[in-house]
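A, B, C and D label the chains in the order they appear, each numbered from 1.
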């Protein structure tokens, strides 16, 4: 990797971009971005320009020599890039809103990254990401693709299966887990270490060490109250102590959809009545954010962005890229190919585990804990859903998609799955051409 | 195996016993039972005597030299036996009724062999079967244990894990599937062959051959109506064609609990209101049966037994034992240890697949179809539940039991699982000593 | 499969063909061959005609309605065939003679099916067999390929990896093992059953049952003398009792090359001096045989053929084809794809184990014995050699071929491997075009 | 881990000890040993005292507060230790000399860590190490065992299988490989990184990076001459370029025993005539060393120790212990349990691969290269040998030991194996009680 780093951000007009820009400015010394391309599609022109202008002001104020380009020409952006970041949203928040509403119509949990909602998002997203990969293969074959686009695990697995691009799937859940545990346990972040095992958004913290001491058991036994240990965008429900000890691991926030299905569904249905779905809230937040971004006097990341949900996104992103760039060999929890690390999952599965990050990428480390039936059952059934979703997305295979939905623990039954799938297809026609080409019959 | 076969039937007072007796009489030439012991516990004395007397009359009428002994002395019955058949029901139909009612209380499917009901039955049954195994290890170490007791797959796996007994788990579902398919497709039973893959009560028919021709695809596409292809005791709901083709396999009747969860639950709740649970129906059938059995003029298996649900039980039982006895090397679908046949399940799992039956027992055959994510997901999550259930049953491990329930696709959420488990423990105190010993805290 | 069986024999001019013809005549009732095509290449014209005329006389005398065609047109022979039998020898006995001599030049064992000799044969044979497979894929896609051509395991694996043909690899070693054990133990062949585990020509008999009784241990302890239990073409050396008990299995004749390397090498070097290699002997036997075949009064398989070494070839061949044709579901030991049966080998490896033979082909059965380190080590290293040999043969990959040789336990060292490989290439130029095409550099 | 580190060195009287002492002194700041126990057996009293006195002088001169204790009381030394280092030699150099001579008697390679010589050493060593582990389990259950005793991989696997001690097997081959490659390629050691894959003393360097650039291919193609890249104690023979490219990896020095069997054997036999075995040379070196150690004016590690062969032993030892102590999370190549990292080996196998070293021990990292048949074959057969050797050593199982020898690629045949094993037993009677207890018959 030459000096003079080039980074291309696909979906550059995202409201999250100022997060990234802040990171690039603050850590410019260790990760000296020289060329930064924000790319978007024509439909996102307005947002790209707003965000781009803010980015420009931030860079100027930061006083770092980053050369910023706003463009709709993906090839130009990718050519010769060292890192390509994908943070796009096919169909934008409107699509997310539909993803969240359709399942609720049938008394199933509506969530943008898992269940039937995540399924719809995967179908829309995978072909677009693979199309980007075709460009990377051609114009920057040595580049790393840092994928933030959800469902990040599924997307990463699709890239590993259907392209030759070096891809790492990144999520801010692991970094948040560590930070929240540190806060919760009242220690410095660098004094806490955790082992995470599982797949994206279905990830168990199997070990917690404070200052090199294994505190997992005592933590799960609950010398302290766990309330508050939670991601912003997940209903705040407590885990039962007996349950935690039985599990012998700390579930992630997304586990509530599985372990507390009924309560979460009830909550979502109530919220739908009152304030709409999470997407509807986010739309308001985004509208306000973009208004704020337009303020020509604003040249820092505005504090309101914190409400958007992507806490520590910037830190996670620069962490991984800097460790690759600097061959740091530190440990981060990212999404990579399994190859025997979790022996209960296929070798080709994407998994989210602790990895050594070096110039060659992310290398998963053998777990110190054995994954037994307690974690294995849920993990395997969701991974099987993911595999089928990828096949359905890539090949426009309706039958496979139907089975994916039927297999998902958050979809109630085969008949409901069919209705949901029909609604997804009907309401995503423009975004799912693979299911509507001539040779396909739905 | 010497001539002069000895067979011990544990749970000899079961209403199913006349089925078995009929088989022993009709096929005495190929499977010459000489000593037949019907064993039961003291609480079952009356039933044992009624069934025993009927058996005696049947044998006499049949004119075969079977020497029948009714006994409460298990050791005597097992000593030197060639085959030990377990067809017991710990807690009798009262317990089954509770198993079916408790989950329904919490809007979960109530079924005696799977879900929370099957879980309760497994907890009660496994320690009793393992206790019988201790006797077999001592008094008839070469004997084959033919286990009919449900949940048959779970029980067989527990025996394989915790004893040295040669165990084969038997269910009449495979033989019924073949016979029903034959009837349905209007061919002779011996003209049809099927490949079954999965675990007990969660078994997919992955291949159907008629007269050596693979008709799987055309069958699933549905040149014919599948209605009517169903086990007696499962609500009669049709599979959707698209679904069958997507799955590329024929589900078994029990799959309705998973694939049509909502419809089945609705049906069960209605039925509970109207006629009670299936156990309540069965109690009536049994009462009538035992009344009928007492008729001193009855010396054949009465046709009413057919309503009881154990169709072809006798045929399945004598088939397996005769093939072992005669080293037949024919193919039957029974429950055995996995060891790599289904690579997606642990080696120690019990699986239900086509096996060659010979003097050494049942040897599973490599599948002709590859089990992919479509079947794998559900299969793995239920197997994980089964593994945890066995550990909970053997060790009286409450936490593990709770996780088993939480993992089961038919249990709605962790909080419901806890309530159900408490009810199971409260209503099964006498039958679950492993959870109530001094050293255990629930 | 229609009545009116068509069988194509590639390498029809082989001296073994009368064996096959005898089998087709004797078992015509159960396996009613209607069309029999003997195919050969132009270079084999004379032999094909001699053998063909004998076959015609045999059929006439046998009085069976087999219609015989001699042809050089492979497409015609294969089109619509039910079974294609490959028993060809690329380069004929001259090539075999070289295969046996080259290794001996460097003090390594010279054998036509394993070691460096088998390697050379594999390189010559695999492309030819795959070329035949191209025809089968086109002109008889439903046909079964019954491959006798050595190295039969390697060839079968190559076919499974590089074609879609239904292939079964057949060797007469398993049937001979069973027959010799029966003779040796003085029981009827149908009273003995054996479990074989391993790969072609490296196959351990892990269990022996006489009249359903497991006699393995007592057999290995050696209540009897094992001398004489040996294939014709393998130096007659005894196994040591301690060794057999340590191994807990009976090695096959070919194991002598591995377990008694020094003695066999010494024997081969002596024999080379005295009478030449085995190929040289066989050449004489063949010359005499073909002379004998030309006798117009001969209309049976002449007894001299027995000296040729293919004992029970005919029985093995008709056994497998008849069991497929008649959907017999009996058990035979043939070469098929592993897929988890021997968990220590890759899924795609060909293995030689007990299989159920039915209309769909050969289905391996789970072993009753666990393959541990005692067998595993040798098995794995030879299989690794085989995998590399296939890659070398298919792609003309010199480096891979060199590694294959270096890995083989019968090749002494890397420097010797290189010399042997050079000699193989030099002396097989016409038969190894894949190594001499323009784009290849040796 | 408290401050005030306690280290116990079993085999403290070894001539290597000054290496260790030097390391403890030089790196006292990062790894502050407070209590250092040198333990030995009574037979080693003289050597322990000589080495101990030198150590004392070195510590004094070094001016570090290490409190040194010389003792024969293993319990005292181990109690409360943080690290236990085993560097013992059961039977001392006399035994090694026999190990090297016995195989040569039968024209097999004689080497102290692999082949029949390594086998003998394993039989003597494993029971002693397991006995030490019993003490560690009792008196320092949290301690790390850093095992240097050869065969280090086999010993580590035995400890993992038969004790609960945290064991890491350490060899100086990986550190030497890296340093020699650096020297050879004329770069700084910290500019070179390598991926090693395999097992102890059979380890392939599968990747070489110089300043983050993958140079593996160009290195193997040989822009440079490899002569000189070699461990001191291994005959200096060149690898052939074609061979290296075929292998696509750099073999370690010990691979010469396998890949250049004949040349090495010839060399050993010549050397045996001229100067005796390597042990004989070492004896002379050691005699001179101990004489040198006695010089009361010597208070540094004498340069002559370099000839002994344990280059960088001290660095490797302090590296691993310091990384554990300081939770460094750096990467070192050590021997640990496999658990799926090398999917071609059993989960319980010890493997030697790149590991992250932290406070919890050594955690292997997923390889960046796929181990295919080229490496797999040799790796698996030697590992199978190792597994059998461990069983033989632990249980005194003659048959298993015989099979281990027969399976080893460096033992020529079964008959030779038997003779060698007899000689080993005869000449090691005092050291192999497990084979001579009453209940054993050889």
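Just so we're on the same page, a residue touches a chain if its C-beta (ideal position, glycine included) is under 8 Å from a C-beta of that chain, and two chains touch if they have at least 3 such contacts.
The model shown is predicted, which means the values in this text are computed figures rather than measured ones.
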{"item": "For chain C and chain D, chains touching each", "value": "none"}
{"item": "Inter-chain centre distance, chain A versus chain B - centres from mean C-alpha coordinates, in Å", "value": "44"}
{"item": "Centroid distance [mean C-alpha coordinates] between chain C and chain A, Å", "value": "55"}
{"item": "Contacts with 2+ other chains: residues of chain D", "value": "none"}
{"item": "Chain-level touch network, classified as line, ring, star, complete or other", "value": "ring"}
{"item": "Complex interface listing, chain A residues touching chain D", "value": "1, 209, 212, 214, 327, 329-331, 339-341, 343, 347, 356, 359-360, 363-366, 368"}
{"item": "Residues on chain D engaged by chain C in the complex (per definition of touch)", "value": "240, 242-243, 245-247, 259-263, 344, 372-374, 376-378, 380-385, 387-388, 391, 398-400, 402-403, 406-407, 409, 412-416, 418"}
